[in-house]
Structures are given as C-alpha cells and as structure tokens.
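In the two complexes below, chain A is the common chain; its partner is chain B in one and chain C in the other.
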Partner chain A sequence: MATWLEWARGPIFIGAFSFMVLGYLRHLLVTFFEIRRHLRRAGDRTIPTLQIFVATLNWLFPLRKLKSQWLFSATSILFHIAILVVPIFLAGHIVLWARGTGLSWPAIPNHLADVLTLVAIVTAVALVIQRLSARATRNLSRFQDYALPLLIAVPFVTGFGVMHPGVNPFSYDATLLVHVMSANLLLVLMPLSKLSHAVLLPGAQYVSEIGWHWPSDAGSKVAIALNKEGEPV
Partner chain B sequence: MDDTRTKYSFYVERSALEVTDRPQKFLAAFAAVLDHSSYGLALELYTRLSTKCSRCAAACQLYQSTEENRDIPCQRSELLFRVYRRYFTRTGLLKARLTNGFTLTDDYLDEMAEAFYRCTACRRCKLTCPMGVDHGLVTHLARWLLAEVGVVPKALVVATREQLEGVGNTSAIPPNALKNTCEFLEEEFQDDYGVNIKFPIDVKGAEYVFFPAVSDYLLEPDTLMGNAAVMAVTGGSWTIGTGNYDGINYGLFYSDRLMERIVQNEVAEVRRLEGQKVLIGECGHATRSAWFIPTFCGPEAPPVVNFLQYTAEQLRRGNIPLKPDRITERVTYHDPCNIARSARILEEPREILRAICTDFVEMTPNRTENFCCGGGGGTVSIDEIRSFRTELMGKRKADQIRATGASLVVAPCANCKKQLKEVLEDHHLDDVEVVGLHDLLLKVIDFGDELKIDTGSTDESSTAEEHSEQSGGD
Partner chain C sequence: MTTRQRTLKTVLWALIGIFGVVTIARFVGGLGATTGLNDATPWGFWIAFDVMAGVALAAGGFVLAAAVYIFRLEQYKGFARPAILTALLGYAAVAVGLLYDLGLPWHIWHPIVFPQPRSVLFEVAMCVMIYLTVLLFEFSPAILEHRLFNRPLFRTVHRLIKKLTIVLVIAGIVLSTLHQSSLGSLFLIAPHRVHPLWYSPIIWILFYISAIGLGLMMVTLESFFSAWYFGHPLKLKQLSGLGRAAGSVLLGYAALRLGDLATRGGLAQAFDGSGMAALFWFELSLGALVPGLLLMFSRVRSSSAGLLVTALMTVFGVIGYRFDVAIVAFGRPDGVSYFPSWIEIAVSLGVVACALMVFIWLVERLRVYPEDEEPHSPEPTGAVAPRLAGSLRLLLPHSMSAPRRYSLAAMLGAVGAIFLLADGDLFGAQLAATPVSAPRTIEGKLIDHSAARLMVVDGNRDGRGVLFAHDQHVEDLGDKEACEMCHHQRLPFDSQSACSDCHRDMYLATDIFDHSSHINHLEGRQGCSRCHRNADQVKTRETATPCADCHQGMIVTGSSITPPTGGSTGLAVGYLDAMHGLCISCHQRESAADATEPSTGDCALCHQKQAVASWRHIGPYAAPAKPGDTK
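Presenting the complex of A and B:
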C-alpha cells in the first residue's frame, strides 16, 4: 500500500498537476492569441472595455447576482469558495509543497478547513439535487454535469477521513490513496471538461464581444467561398 | 403551400424546400464563416465552458410562457454547439471515428430552424449567464447559416429583395411616393399646427442624413412629423435622400452578407449627399445595424446618431421650447432590445419623457433588463406566427404593461410598435395605446412665431392625431 501511495503522490501527482497547468496554459494562450488575431482583422476595433470589465468582475465575484435563484446561487458560491480555499490553503497540503518545492504560504486553521470541507461536501451534493429537482436544469444536464460535483466531493470526503481517523471506518492508507487518486483524476479533467471555466471565465465577456466584431469584408468573403457572389437575394 | 407550413411555422419560400444536400451545404457555409468571420473564438469558448446551469431559462420570457425544453436558451444554442464540436473540433472528429456519434441531418436542420426562429435574439439571457455566453450571438450565427441553405422566413427575404434588388427599400415605396408623403405631411403641419415645416429632400451637404424605418412613411406619420418638428425648432441641418431612405436592415436578422451590403448602401447615400452623419429614426434594429457601420466601412465612416440622442441633447441645451401644458395621461416606456440591452440608449428617452409628461412610470424590469416586445429578431414581420408572438412571446410584456396602469406605451422602434399593438389587442388591453416618442413630443412643442404661417389665423390647439393614415401595400 505504501508503494501505491508513493506512486500516487509522486509521479502520478506530478504528471496530473503538470497536465492541468499545461492544459490551462494552452487555453489561455490560444484564447489570448485568437483574441488578438480577431481584433486585428476586425473592421471596428472599439470595444466597450469598461462595461466588459464590470460585467466580468460581477461574475467573478457574483454577490450581486444572489437576487435571482438565490438558493442555487448561494449554494454555488459557497461550493466555489470551499473547493478553492481548502486544497490551496490546507496546512497539510502546504507542508507537502514546502517539502517538494521549498515554496510555502500562510495556511488556514484546521478547524476552518474542516468546516469548509463539510461545506464543500454538502454543497456538491446539494448542487446535484438542485440540478435534478429543477426542470430546466434536469433537461439540460449532461453526464459531466452530475459526475463532476460528485467527483469533486470525493477528495473532500476522503480528506476529512484522513484528517479525522477516529470517525473513519476505513484504513488510513486506503482512504489517503483514494483521496490522492481522485484529486489526480480531477486535475487531469480540469482542462478537458467544463472545469476549464476556471481559467476561461475571466475572458468570456470579452470574447463574447469579439464575436460581434467581424472583418469588414467577412460577408463578401463568405459569398466568394460559397460561390454566391452576385446571387440574387 | 401546406407542406411548408407544417415544416416551418414561420413559413419559408417554396424554393427553400427544393434545396438538396442541405447538411453538406450547411457545413460548407459554417466552414466559410469560421474562416472569414469572428464567431470561431466565441464558439470555441462556449463549447468548452457552457455549464448548463439554466439561469438563462429564468431570464427567457418565452421559456417562462411555454416551459418547453427547446425554448431554454442554452438548449437552443447547444443545437449549434453540437454541430461545431462534431465537425470543427479535433475531439469531435476523433469521437466520431470511435463512436456512432452525432451526424447532421435534414431533420436536425429543421429542428434548428424552428428553434432559432422561436428566439428573438433579444439577448436578455446574456445578462444572466455566469459564463458570459451570448445566446443572441449564437442565434445570429445560426440564422445566417440556415439562410445559406435557403431557410429564411419569406417575409424577411421578400423585404430584403425589394430593398437590394427592387425599388430600394423594404416597403417598396418609390421616390415619388416618398416625396408625395413628405408634401402631405408638410400640409398636415400647416393645417393642424399652422406652421411651415419642411421635410428637406436631397439637400447636399446637410449634417444629418435621415434613415427611419421606411415603414414609418406608411404607418407612423406622427413620428416623422415629430422628427421634422424637432429639426425645425432646433434649426438642425438634415435631409432625406431619395437614393436610399430606409434604415431597415433585415440582414441583422439572418445574414451578415446582406447586412454588409445594406449598411454599405446607407453609407453610400450619405457620401452621395456629402452629409456628415447618419441619423436613424425611431427604430431599434436600424440603429443597431447602423452601429455596425464602422465594422463594414471602417473608422472613417460617418458617425451614427439615433434621433432620441439628438432630441435629448437639444432638450438639454434648451433648444426645444415646450408648451406649458404637458401630457397628463400615464405614460410608460418600452426599452427596445437593440438599443437598450447593450446600455447604449437608456436615459435619453427618459429625459425627454420626464420633460414632457407629468405621469411617467417605469415598467419592471426596465432598461437593460427589459423584456423584449416579443417580435424582435424580425419575427414581427411574420404574420403567420402572430399568435406565437403575442400569446407566448408577448405574455410577459402584456403583464408588464398592465402592471404599470399606463394608458400610453412609448416604444421608439417600428418593430416594437407593431408588435406591441398586436400584443395589446390580443391581450384585450384596449384602453392602452402604443405611440412613438416623437409623436408625444410633437403635441407639446411650442413652435413660437418664427415657424408660423403668416396668412390667415390657425387654431393652435387643433388635434394632432387626426391624420388620415395612408395605407400601403406592405
């Protein structure tokens, strides 16, 4: 078991983490260069930057959006806070980073981490229940929309078990292995699934605006490409 | 024609049914558009980040009425995303090799056609999408691609044909008839207001070249008279060009190719008349398509001014004298999506209304979050779907208007006006009237003595409404 664990948090973690970083980097670079390319050939390059900036901030920190569908919104906001804060600021994780890379940063107290972990688990399950219970979401949802919140809950459940062996009926090592491996799986899925919104969201409002900024001759060029020049309306 | 109606509730031309190899042609058009236009990046991003949270469903007035899955904005956009993923991304191509995945079929195209013409592209859902997905952009693109395989509502294509290849405008009003209408309206000014106000035609070097929705010449003479009156009292330099006097641009609703041509024609007329600015009348989509002038004609192209902006500016400067008697009926204001959703024209009409009305009330919600009239995206021209437009699309609007208790709804948009009139009629709101903003302004402008006709005395307070409306073959 110890060897398995070493393997999971050694080479597999490094591979999964690098995959996540490189995948996200790819998304960022592609988006950045595509924005530049589209903007360069656009007929109208005036972009309402301030308006887009405000809209972007309003969605990155969506407290003002709580008004509509407040239960769903509040669940979602709590879920995001919990799953972002705990993995990054847990003392136990920071120790591992310090051991591996020499980097370290301030940690949150463990009892706060416990609370946030429970929040993450409860909200993940709540999100799935809300998805199932509202008609519109139920109809829209794909497999990943149910699977991802539940999969995200797994490292939190097992993490809680690792931190509190007294309440954990399973062996410590087995729980830790599931913890590390489920997190590894998530890292790999991050750039491949809708979780890519973690890096793409800040640019989304801007990209939506770019969609309306066409090259001045886009229409004529499409007509030429389709052999429809001079075709009657 | 029965078969067309069963296939498309919005009724395409018969030739659309004879197009063969539609999926292939659709994909060819899609590829060309991705190559030459700017939709690719947005699609790439949307297909990756769409989280299917359904907040858009809560924002969509159609879904709120029908509760049909196909009316959830995200579900509708997914129809196009699926095609994009399958045929234009590497993972899609790979998946297609490995599984018997999705294939674009004729039936699927029909499903798309129906779905994308149930959307008015009002873009209200864009405001509620956490991921910033602009479903209006997706509808805009999907309709263009569908148009390339012949699927366009007949009403839109016939009007555009008339504009680009016929008489030169969507209502088929020949220049002579335009001149007659303008002369008739000048006589109305003399008879009803005792003033000498001109509709300047083909004046070279005017500051503003005027492009209303051309249908106003047939259906909304009061709006045009209000426009002319504002120009007269403010001493504005403007002209109507007989080469092109139509601000309507249905290209915005179904084809960037045609939109480009119509916008360029507009600018060509301004250049012919050596004018400086494009002045758009009370029309939402005409304004929004004119805002694309820099896109199609470069940054040197003439700037675009909506008449509401001009009037509000002149009012601020104190250039529009008003009679002491204001409009006392309760008035509410409908924000046309095409000028309000992007927050470009919100306060100007309100400034004017507050100045001329004693009882102005807001609809809830309003401004950028206002509900569409229900006839946006060109659907108002499609008479075959009136019940869909007024009953399903227009339900929220009718409720909204009813809640204000207003007897006048101001809608500075030709499309919204027509749709709202039908909504009020079908929802039995018989004591509510839809008017243009300049119609109301006209009633309270104090023309003073300068514009008065010298000969004979005229009764100033004679009713302004009593016009014998001309009816045209629209």
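Presenting the complex of A and C:
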C-alpha cells in the first residue's frame, strides 16, 4: 500500500499536474491564434473592451445572481469558495509543495479547513439535488453536470477522513490513496471538461465576443448557401 | 488532406512533444542522468544514429547531384531537388543531434578557431560545416523561386547561384568524399578496440562506398515516401536505373569488405560460430549481399515491391554497419555494458520527426518536386470560430481543426514524457540500496602480538573491512560507561543495540520508525493523537511527539555522540556516515587532549590494507602473516 501511495503522489501526480498545466497552455495558445486569425478576417474589428471587462467581473464575482435564484446561487458560491480555498491553502498540502519544490505560502487553520471541507461536501450534494429538482435545469443538464460535483466531493470526503482518522472507519492508507487518485483524476479532467472554467473563465466573455465578429461577407455567403440571394432578411 | 497525411503529422507532433520535454531533461539533468553512456562508452546511440548513420543516409544528395550535373544523366533530374533537400535536412539533423551529445555543446564552433590539422574529427567537423553551407546554396534556387523573393535583387542572386551550380556540385562531391570516408577513418585510431571482423585499415573506403550505395537506395525510399504521402506517381523506370547502380555499388562494397578480410587472414573468424560472426553475416547480408544480388535481377528492379524491400534492407543493413562499428563491435572493459536509455532514443526520433516535419512544410510551400505545378497546399486550418472551454469530445481527433489536433498530440507526447521522467530516476535520483550486514568477530592478534577478539566492520561485505578492537576499546574507555559512549541509542525493548540495527544501509538514511506497527499497538485509529497531539499542526515527523517521550531510556544520556536531529525523527544516517562520524570525532577529541592517542586524520589508521597483514593474521584458519607479505 505504501508503494502505491508513493506512486500515486509521485509520478502519477506529476503526470496529472503537468497534464493540467500543459492542457491549459494548449487551450490558451490555440485560442490566441484562433482569435488572431478570426479577427483578421472579421468585418467589424471594434471590441467593446469595457463592457467585456464588466461582464467578466460580474461572472467572477456573481453577487448579483443572489437576487434571483438566491438559494442555488448561494450554494454555488459557497461550493466554489470551499473547493478553491481548501486544496490550495491546506497546511498539509503546503508542506508537500515545500518538500517537493521549496515553495510555500501561508496556510489556513486546520479548523477552518475542516469547516470548509464539510461545506464543500454538503454544497456538492446540494447542487446535484437542486439541479435535479427543477425541470428547467434537468433539461439543460448533461451527464458531466451531475458527475463532476459528486466527483469533486470524493477528495473532500476522503480528505476529511485522512485528517480525522478517529472517525474514519477505513484504513488510513487506503483513504489517502483514494484521496490522491481522485484528485489526480480531477486534475486530468480540468482541461478536458467543463472544469476548464477554473482557469479559462476570465477569458470566456472576450472569446465569445470575438466569435460573433464574422467576416464582412459572411451574410451574403449564408444567403448563397441557403439559396436565398437578394431576398430581404 | 488525406487521413494518412493527418495521421503521420499527428504522430510526428507527438514525437516532437516528447522531444521538447527530453530536451529540457537532457540539458538540465546532464548526460549522466539522462543517457546510458559511461566512461567506457562515450560514443553511444546518438553518435551511431544521428551522426554516423545520419551522414550516410544523407549521401543521396551528393550522389544524385553528381549523376545529374557531372555525368549529365538528365533522366534523374527530377530526383535531384528532393535528394538535396533530404541531404540538407539530414545534415542539419546531424548538427542538432551532435549538440545533444557534446558535453559542452556551446563549444561546437571551436574547430573553426582552434584547428587541429592532424585530427580526423577536425576534418569531419569542418567538412560537415562547409557542406551544410554548400547544400543550403544548392537548395536555395527552390527558395528563391518563391513569390516572396520575386524582386530584382533576389532575381540577380538566383541567376548567380544558378551559374555557380557546377562549382557547388563539385564542392559538394569533394566535401562528401572527404567526410563520408573520414567517419570511418575515426576508427583507425582504435585498431584494438574494434572487433577484427569490423576493423579494417581500409574502413574509410568501406564507409565511403557503402554510403554511396545507401544514398542511392535512400533516394528510392524517398520516392516511395512522396508517392505514399503526396500521391506522386512512382517513376519506376528511373528508380530501376538507380537500383541497378545501387546493386553494383553494394556488391562492390561487400566484395571489398570480404576480400580485405580474406587478404588479411581474418576470414576464418567469420566462421568460428560466435555471436559476433553471426552478427557480421547478418548485417553484411541485410545491408549489401542480399539486396545487391536481388537488384541484379531486372524483375526485382522493375517491380515496386522489389525496390521497396531492397531499399529497406539496405537502409537497415547499412545503419546496422554504422551501429556495429560505433557500439556493438567496439570493445569495452569486462563488466561494462551500454544500452541506450529511452531518452536517447526519444531525442533521436524527435530530431528525425522535426526534420521530416520541415521537409513536409517546405514541400507544401516550395516547388521541390518538379512534377508539381504548384506546391502542395498545407492543411486548411478551418474557418472555425475561436472557443475557449474544452470538452471530452476534443479527444476525438476527426472533429478537430488542424491546430487543435496537432497541439493535442504534442501535449499528450509531452505529458507522457514527463510521466516517464517522473517515474524514472531523474527526479529525486538516489543511490541503490546497499543493506548493511552486522560485523563478525574473529580471533586475531594485536600489534603487540597478544591474542584478541577483533570485530570485522565491513557493512557492505565488499572485503575491505576495518578491523576494530572492540574489547580493547571497552577496556581502555572504562567498562560500563564505555558502551554508552558509542551505543548512543537503544531500540525499544532492547538493552543494547548494535550500529547496524539502526544504520541499516551503507549510504542511505534508514527510517527506523515503523508507523504501521505504532498504529497497531496504539488502539488503531484512536491512537493518532497520542503522537500527533496538536490537531492544528500538520502531521509530520517534525511535529510528532519525540520517540523518547514514550520510550524512556531510548536515548542514552552522556554518549560521546549526539545525532544532529536529537534522535527524535526516526531517521538514522547511512552506516558509512555513522561510523566515520563516531570514530573520527571521538579520536579527534582524544588526540587533541593526548598527543599519544592515534588520530584519525589519517584514513589508513583504520583502512589499511597493509595493516591487515602486519597487525596480525586474520582468523584462526588463515596462515600466519610473514614479514613482507602485503596480502
């Protein structure tokens, strides 16, 4: 078991983490060149930078959403805060980073981490229940929309078990192995699934805006394709 | 863009992704960490493949240039430009590959300013450098034909280079003749290290002639590639002519090699049934005898299958010849072996992938093949709108635009290489475990010839032990207290622990703390807090309760040594460090206080080969030492 654990948090973690980093780099690189090419062909090249900036801020800090759908929004906001803060600022994780790379940063107290972990577990389950409870969201949801919150809950449940072996009925090493491997899986899924918004969200508004800047003759080409040349739109 | 073009490019991009990662590993980690090379094998896979085979594979350039421009065999003109481009990229690949192999790659320009006129390697270096320049000039008309250079100045340059064609071709032939043969001459310096079946005083002629045969067959193979990849028709009539020439050259090479061996009386060795003799015949048959004979038949020459098979045989056989001379048949001391690491192979494949990629890139933009009216158009990148978020669907290659597909291939290659590096020894490389054995006791004699029990301290049992007068130390240091001076720590439930009980590896630190046994003995999971008392702290060795808090008496007070960590971390330093630390520090103290005490400033005080014999004889069964006996 100890060898499996070494393997999971050694080469497998390095592989999964570099998959995430290089995967995101690839997204950014390809998108950069696609934006450049798309803009070169675009008829209208004026980009409403300020509006995009405001829209991006609204998505990054979605406090306005609390006015409508307050329960769902509050759950989602708490969920996001918990899953962002705990993995990065847990003292135990920082020790591992310091051992491997020499880098370290301030940690949150373990009691706070415990609370946030429980928040993450509860809100993950609540998000799935809320998604299932309304017809509108049910119709919009794909498999990954249900699977990902539950998958994210796995490293938090096992992480809590590792931190509190007294209440954990399973063996410490086995719990830790599930914890590390499920987190590795999430790292790999980050650039491949909708989890990619963890890094790409700040650019999403800008990229969608660019996507709507068609070549100046795009309209007539569509008309030709539809065999409706010269007809009023 | 056909599926096979897309597939080949995807594979090449994946190789380039791996290449990028191993490049960083090679230049950060150094040769020792990333290659299988050792002091007895400074020339390995990179020299054999990238340089020796690479230069030979690029021989098609000068052979075809000679055929077309010197011998005026106009029917082969269509092969000349792709052959010259292959040679240009081949030599560029040789130069890049060499940068990986050189210990000080930033010194690659040194031959230019520090000439060594008697050195064969100097000649090779200068020739390859000049020939690379000549090839660039030879290929430049294809570049200058591009519409980008449709300006008066470039047109003048173009005309000038065209006028110089014959000069460039002659220079190319002279330079190639020089360095193709000199790569063989390199081994003239080591007549006793190259196996006699491969060593020859005319090895430089063999290298040159085999390169010509290989060059011709490489042009054939290139035609098959362009037919497969670009859909060009195979010019079987001309290829058959090349095949006939290649067959004669290959047979000539085989005859010369066998004849040389026979006249020097070495042919008998080829029939001695050894593995090397088998390799000799296999390599010579594959690279020259069989394809040479097959190409004598016009039925083989005029069929595409026959040409492809003979070309592949020649390529693998002649590369095999270079590998044999540079690696397999090159002698090493007993016990030293060489096998390339995967990083070496990945670098070579990456260099080839880059060269092939540049080849395709240039054919897509320049008129390399005369049968093309226009350059092959590159793959359209597709007029898709940019999008940011990814989905699992992206893993399906056919729904992707070219940049997305190829970048995914390169990224996956890079991640795979990072995983392999992380799983190997490069990150956190450490010494192999060397378990320590407990010391043995023998009956011996002290320097004053009195009988004594002596301890043989040779933890790794390599036969170079230190004889330690244990009883005398006890006596000298004063019975009971003497034990505690050295035995500074006791394992739990042990009244006296030997050095090797804790320092269990010769060089590596030993973890003497058994976590799972503590879990078992401390009421399972409920016991964690007995050692990890503060829940606010990270559970590490450093924050756990010191061992001696529970295991009272584990740390011996008043010992002459105190471990730097205070013994609380459960990590014991390597046996070698522990022994040196104990003996040296104590003797230094003693000799500082009393000049008659032996000092350990002198290694030979304990590690003396001489002393083993002169001090007393080892063991009750060994013969008594005689004066002057050094064993």
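To be clear about the criterion, the second predicted complex is superposed on the first by the 217 of 233 C-alpha atoms of A that agree within 3 Å, B and C clash if a C-alpha of one lies under 4 Å from a C-alpha of the other, contacts with A are read in each partner's own complex, and residues count from 1 in each chain.
Note that contacts are C-beta pairs under 8 Å (C-beta built on N, C-alpha and C of every residue); 3 or more make two chains touch, one makes a residue touch a chain.
Everything numeric here is computed off the predicted structure, so don't read it as measured data.
S.K.: For A:N110, is the partner it touches chain B (first), chain C (second), both, or none of the two (neither)?
M.R.: In the superposition, A:N110 contacts chain C only.
S.K.: Who contacts more of chain A, chain B or chain C?
M.R.: B
S.K.: Quick one: is A:I14 in contact with chain B, with chain C, with both, or with neither? Answer first, second, both or neither.
M.R.: second
S.K.: Contact-wise, after the overlay, does A:G203 reach chain B, chain C, both or neither (first, second, both, neither)?
M.R.: both
S.K.: Per the contact definition in the header, classify A:S220: touching chain B only (first), chain C only (second), both, or neither.
M.R.: After superposition on chain A, A:S220 lies in contact with chain B alone.
S.K.: Please work out whether A:D145 is in contact with chain B alone, chain C alone, both, or neither, and reply first, second, both or neither.
M.R.: first
S.K.: Looking at the overlay, does A:T46 come into contact with chain B only (first), chain C only (second), both, or neither?
M.R.: Only chain B is touched by A:T46; chain C is not.
S.K.: Given the touch rule stated above, what does A:G102 touch, chain B (first), chain C (second), both, or neither?
M.R.: neither
S.K.: Determine, under the contact definition given at the top, whether A:N168 touches first (chain B), second (chain C), both, or neither.
M.R.: The answer is second: A:N168 touches chain C but not chain B.
S.K.: Go through the superposed model and pick first if A:G211 touches only chain B, second if only chain C, both, or neither.
M.R.: After superposing on A, A:G211 lies in contact with both chain B and chain C.
S.K.: Quick check on the output: what are the common chain A residues between the chain B footprint and the chain C footprint?
M.R.: In chain A, positions 27, 30-31, 34-35, 38, 194, 196-197, 200, 203-204, 207-208, 210-211 sit in both the chain B and chain C interfaces.
S.K.: What part of chain C is in contact with chain A in the complex they form?
M.R.: Going through chain C, the ones touching chain A are 381, 383-392, 394-395, 403-404, 407-408, 410-411, 414-415, 418-419, 422-423, 427, 519, 525-526, 528-529, 535-540.
S.K.: For chain B, which residues count as touching chain A in their complex?
M.R.: Interface residues on the chain B side: 28-29, 32-33, 35-42, 44-45, 48-55, 57-58, 63, 67, 69, 72, 74-75, 78, 126, 128, 130-134, 137, 148, 157, 160-161, 164-165, 255-261, 292, 294-299, 342-343.
S.K.: State the interface residues of chain A toward chain C in the complex, per the touch definition above.
M.R.: Residues in contact with chain C: 10-12, 14-15, 18-19, 22-23, 25-27, 29-31, 33-35, 37-38, 41, 91-92, 95, 109-111, 144, 165-166, 168, 172, 191-194, 196-197, 200, 203-204, 207-208, 210-211.
S.K.: For chain A, which residues are in contact with chain B within the complex?
M.R.: Residues 27, 30-31, 34-35, 38, 42-46, 48, 51, 55-56, 59, 62, 65, 68-69, 72, 76, 134-137, 139-142, 145, 194, 196-197, 200-201, 203-205, 207-208, 210-223, 225-226, 228, 232-233.
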